[in-house]
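Notes to accompany the following structure.
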Amino acid sequence: MSDAPFRNPGWAGNTGEFDLSEDDVRGAAYAGERPPEGRHPSTSASYPFMLVERDPYAPLFEGRHKERYEKIRSRYPTAMAALLPALNLAQELRGHISPETMDEVASLLGLSSAYVRGVATFYTMYNKRPVGRFLIQVCTNISCNICGADEVLAAFLEHTGTELGDTSDDGNFTVVEAECLAACGFPTCVQINERYFEDVSARDVPNILKRLTDELAAG
Amino acid sequence: MAISVKVMRRPEVGRTSYMRATLKGMSLTFKHMVNPTKVTLQYPEDQPDLHPRWRGTHRMEVHADGRPKCVACGLCPTVCPANCIRLVGGEDDQGNRYPIVYEIDEFRCIFCGMCQEVCPVEAIHVGRHFENAEYSRDRFVYDLDRLMEQDHPTTLLWDPSDSRSE
Amino acid sequence: MADNGRKADTVTLTIDGHEVTVPKGTSLLHAAETLGVEVPHYCYHPGLSAPAQCRICLVEVEGAPKLQPSCVTMAQDGQVVHTESAQARRMRQGVLEFYLVNHPLDCPICDMSGECKLQDYVFNEGREHGRGREPKRVFGRDDFGGDVLYYGDRCVMCTRCVRFMDEVARDGRLTVVERGDRAVIDTFFESGLDGASFAGNIVDICPVGALVSKDFLHKARAWDLDHTESVCPNCSQGCNIDLHTRDNLVQRLKPRENPEVNGHWMCDYGRANYEWLNRPGRLEAPAVGRGDKRRASDWQHALHALFERLAEAEGASVRVVGSAFSSNEALDALRALAEQAGTLQAGVFRARRAEDEDPLPGFPILVRRRDLAPNVDGAGILGFTRVGDDDGTGGLEEAADHDGVLIVVGDELADQDESFGAKAGLFVYLGTFDSPAARNADFVLPLTTFAEEEGTFVNAQGRVQRFRQGLRGPGTAQPAWLVLGTLAAALTGGDRPVSAADAFASIVQRHAAFGGLIWEGVGSAGAALEAAHA
Amino acid sequence: MAYPYRHEKETRILSECFGDPSARTVAGWKKHGGYQGIARALEIGRDATIEDVKASGLRGRGGAGFPTGLKWSFMPKNTGRPHYLLCNADESEPGTFKDREIIRWTPHQLIEGCLVGSYAIGAAHCYIYLRGEFFETTQILARALEEAYAEGLVGRDIMGSGVDIDITLHVGAGAYICGEETGLMNSLEGRRGEPRIKPPFPAAVGAFGMPTTINNVETLAATAHIARHGGEWYRQWGTDKSPGTKLFCVSGHVNRPGNYEFPLGFPMMELIEDVCGGMRDGKALKAVIPGGSSVPIMSAEDCRACTLCYEGVEAAGSMLGCASVIVMDENTDIVKQVRRMAYFYTHESCGQCTPCREGTAWATRILRRIEDGLGTEDDLDTLIQISEQMTGTTICVLSDSLAMPIISSIEKFREDYLALIRRGERVGAA
């Protein structure tokens, strides 16, 4: 490992030993940008994005999003099965799942609102309240933990100036603890919105935050 | 079946004579003449020393803020063998359960102390107190306020592991 | 059914050393029940699906590697089951300990105390002392709306309530929110249970004090209540209920299981309407004399005088007004008396009708019927004609102006004025409450309500159902069948009925529809009428 | 040498293209022999494919190690009802990171495996249940799937065979328990991901009430190779009871953590010392969790003679699980790590069964108290008893998964607990 002052953080294997670029590892050629809506129904319609800018009152399931929803729906034998993808879609648009959102999704799928609430609260990825532009999820489970995840978490909290679960004053960051993110070989793993940052150590944290704010400034 | 007769032997004179008992009695009398010790308690100037397990007039314990400790669970009226406790439960605005009506008829009460024993929150107690004379019968029905006003010491319950209260 | 020599579909297994034969597809829990062995359970309820998640009904099945949940494990031939083996007991004790990790020990202030399954099971076989030293989690309480209050801390997450609302009420308003030890039952935020018409059942099926009735809250302790088998008087469905009484007052109504009528359930309308049984100001003693001449009397004198008046009136035209709240026994005795006393012109009754029915979707046999009285069908079968409007008023014009013998039983005549019965030669009013319209009555006789007497109703399915006496009648109030039956017997010189069974026997004699029924045969579950069979 | 770490002792079947972005396209994958497996399966027919998989002795790579061919043969035939294949890509067992690597380097490998599986069990629709967190992974797989659809490899009349197989990606939303097969089915159906009581088994009543088979990503990827080369070919690796190769996910205090593919039966110490470049900073080995966090912890002593196959790890007192080797050095605070695991299981418990809902939370609180130095020796007995009460009493095995590390850690590292309880010393917390 190098002691270079700027260590490009955020992707596995970034130890200076490999000739793979970040894009190669991340599959950025495939995953770097949002694909246009309405590609094949099996795929591009159904996976969620975590957008930086969200509108909690964005219209749901209208226009192209309605198309996306209908494609999702066509892949399942029951309307209920489209619930998780529909909630994913709603969260992509609105950033979190508010009671109103649950209600709208429920009436769209013909389910009871209480049922949708029960399902939405079961899964941790649905934000039940608004989060910052960047949702920073630090894995503190065992593989990361034995390699110092607690310090990484503490560093994130320190550098964003927030308490666990709270959103920073500028609305940019929410830091939460996450369970295993399935990148145990590259501890500590941090998921920021949809992106994985791997091999993160406490001293990388300022760099990561800087990179995020730079991205935000660049638009 | 043959009838048997049991023959009783007459006790000897030394056992039947009244002389011995008379002398013993007289000796006690004379002893007190010589060395008088007080046996009469000068009540009410002098108060009797009640045993720690004496069971008398009830009292209701109160919280620091003056609320009764009773949670109106209904166990004391249930367990009461004399059926002398009347209880109506309710709920205050903080959601605490409390007795709206709590009355004990001290006339009916047999002072068994089971109410104290059964109370889960140690609210109702029988007390080391007995002076509850009144001029009218209805004054013997103690309501909640009156029970809370009582300030006499409470009874020590019998503890099976310490049967002599030591 | 013809027995064509085929063996019945049964299995034989051994439970706790006793052999038992049960139909195929019976769960171990039920099989044990037939032997009188109660396997503790929370999530399982016979009226709901079984998710097998409370894990306290685990029993040891020989040959199975793990303990099996007895609520979903089906009995199989030759199985050997131990519900009381050391392993099963140890496990139950362990599960009970887990329940108490977070369950507040607030039995003294819990409304369920005394009928709580957790209390019972822990008392039976729980650990003597808990090992938990950690503070318990606190959820507080939540008003679900309607009559239901939720205490999250006491909840054992059996989800019976959620399943009831989903499967039986088909009204998915309840859900489990969150997961793991943070899970609670909740409605959709503030929407609550208001307007749900069967939600009261979730209070009944809650095995602990997590869901309690606001109406019953702090009213009485479970162990103080007397339970009487009865029939819900609030609609013609006639749900089987238990009257829970204390201090001679009805405290609440609880459904009693009857798969033919109401399953395990009852509607909130029926459940909530019991206060009229506790209404004070009842008629307590007979009175004789019209208007200002009315004088208090006693039964002996009043009945004697009434008998003489009836005997005098022989052959007169008779009109009777019955009530759909009266028992079959009362109505039939009324009719028998009227036929004896003269020529029966008409027997009528009035009853309120609701605008619609309210069925329980997951148990469609149970419907809150339109007729909001328990014995509308019985009155019809016994020859009474329904008159008046849907709100239970009107229709008594002929009776009001009748000039012969007029007998009113059980109808309070609330909409009638003081001129009612003014022209009657003889006006007898038997009721529970005095009424301005009874001013002209020559005799005012106090009656007991259905809760204060024994008798039968016929429900909308044509089913005769017995109710029993749960309360003491006020003063000298008597059952109507006794009063009317005694008078009729005096007129004919026959035997007077001394029990409701006698009165019932006379119905069976007089009405073909009741053919073949015997009092004992009606039992606590009721019996279908002949007409219903046909 | 390129990322990820490779080692010359590896037998690369599944991981051949790891680190090679070109294998992400259909053309790239075909260069490595891709889509020959499904072609051969279509040629030899369903039953023969199942026989091949049976003959290969492939055992499920998701943790339980159930023979895959046998599982497939449980599926009813000619029911007239739709069958489903579910691919379990909800990889969330702490310590496991193989499925993500398989999907993002070789998405077509998984697609091909899904085709083979679906064809073998007669399923016209396969759902790949992906973990919600796997954004990049999902996108790579989605693009690959789009391409496969476009090439006629998936969808109507695949490869001109007249067989229809659809593949849908279903993205989860963050729940460990959805990795349990019945929990996954519930989640797929749009319910809370609570495991279902068995019986009925998924092969009879599964997703949407239809016969269903669930396989792990690695299992399906392996079947693609088995379908191509035949069952006997696969048996050349591994042991008698554990044939084939396996990805070992090594994480923790080793110099070169990562996914390494070896035939089953590979010695554990060789994996740690040689393949992974030994312990980080030259520290001594303290403990190893050989199969993801749900299996008993092994002490350094237990590891000496342990070979990494299902029966070998079992002999050493643990379980192979999904072969996620978490290596801990002498500076590891076992009490803290067990507490962290307990917290994980508390957080992820679905809350249905009482022993799990209450037991995991209670165990966490006791462990937390011990960690804070307020424990007593009685607490250890209580923990063991709680763990025993949580074992085998619930619908799924989540609570058992916590019981095992608790019991084994107290057995093997009792001294660590006692040091904390008696003297307030944290062993290993350097």
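Lettered A, B, C and D in written order, each chain numbered from 1.
Quick note on the criterion: contacts are C-beta pairs under 8 Å (C-beta built on N, C-alpha and C of every residue); 3 or more make two chains touch, one makes a residue touch a chain.
Keep in mind that this is a model prediction, so the values were computed, not measured.
Q: Comparing the two chain pairs, does A-D have more C-beta contacts than B-C, or is it the other way round?
A: A-D is joined by more C-beta pairs in contact.
Q: Taking each chain's centre as the mean of its C-alpha atoms, which one lies nearest the mean of all protein C-alpha atoms here?
A: C
Q: Indicate the whole-number Å distance between the mean C-alpha point of subunit B and the mean C-alpha point of subunit C.
A: Chain centroid spacing, subunit B to subunit C, equals 46 Å.
Q: I'd like to verify one number: the distance from the centre of subunit B to the centre of subunit D, where each centre is the average of its C-alpha atoms, in whole angstrom.
A: 72
Q: At what distance in angstrom does the C-alpha mean of subunit D lie from that of subunit A?
A: Once rounded, the distance between the two centres reads 23 Å.
Q: Can you list the subunit D residues in contact with two or more other chains?
A: Each of 175, 192, 347-348, 350 in subunit D touches at least two other chains.
Q: Find every residue in subunit B that makes contact with two or more other chains and list them.
A: Correct list: empty.
Q: Could you list the positions in subunit A whose residues touch two or more of the other chains?
A: Each of 111, 118, 122 in subunit A touches at least two other chains.
Q: So that we know how the chains sit together, what is the shape of their touch graph: line, ring, star, complete or other?
A: other
Q: Can you name the residues of subunit C that touch subunit A in the complex?
A: It comes out as residues 171-179, 186-189, 191.
Q: Under the definition above, what is the set of subunit A residues touching subunit C in their complex?
A: It comes out as residues 99, 102-103, 111-115, 117-118, 121-122.
Q: Touching residues of subunit C toward subunit D in the complex: what are they?
A: Of all residues in subunit C, those touching subunit D are 51-56, 58, 65-67, 69, 72, 91, 94-95, 97-99, 101-102, 131-134, 156-157, 176, 178-183.
Q: Inside the complex, what are the residues of subunit A that reach subunit D?
A: Checking each residue of subunit A against subunit D gives 12-13, 17-20, 24-27, 29-31, 35, 39-40, 42-44, 46-50, 75-85, 87-88, 109, 111, 118-119, 122-126, 140-143, 145-147, 178-187, 191, 194-196.
Q: Which bits of subunit B are touching subunit C when the two form their complex?
A: Going through subunit B, the ones touching subunit C are 71-75, 78, 89-91, 95, 97, 120-121.
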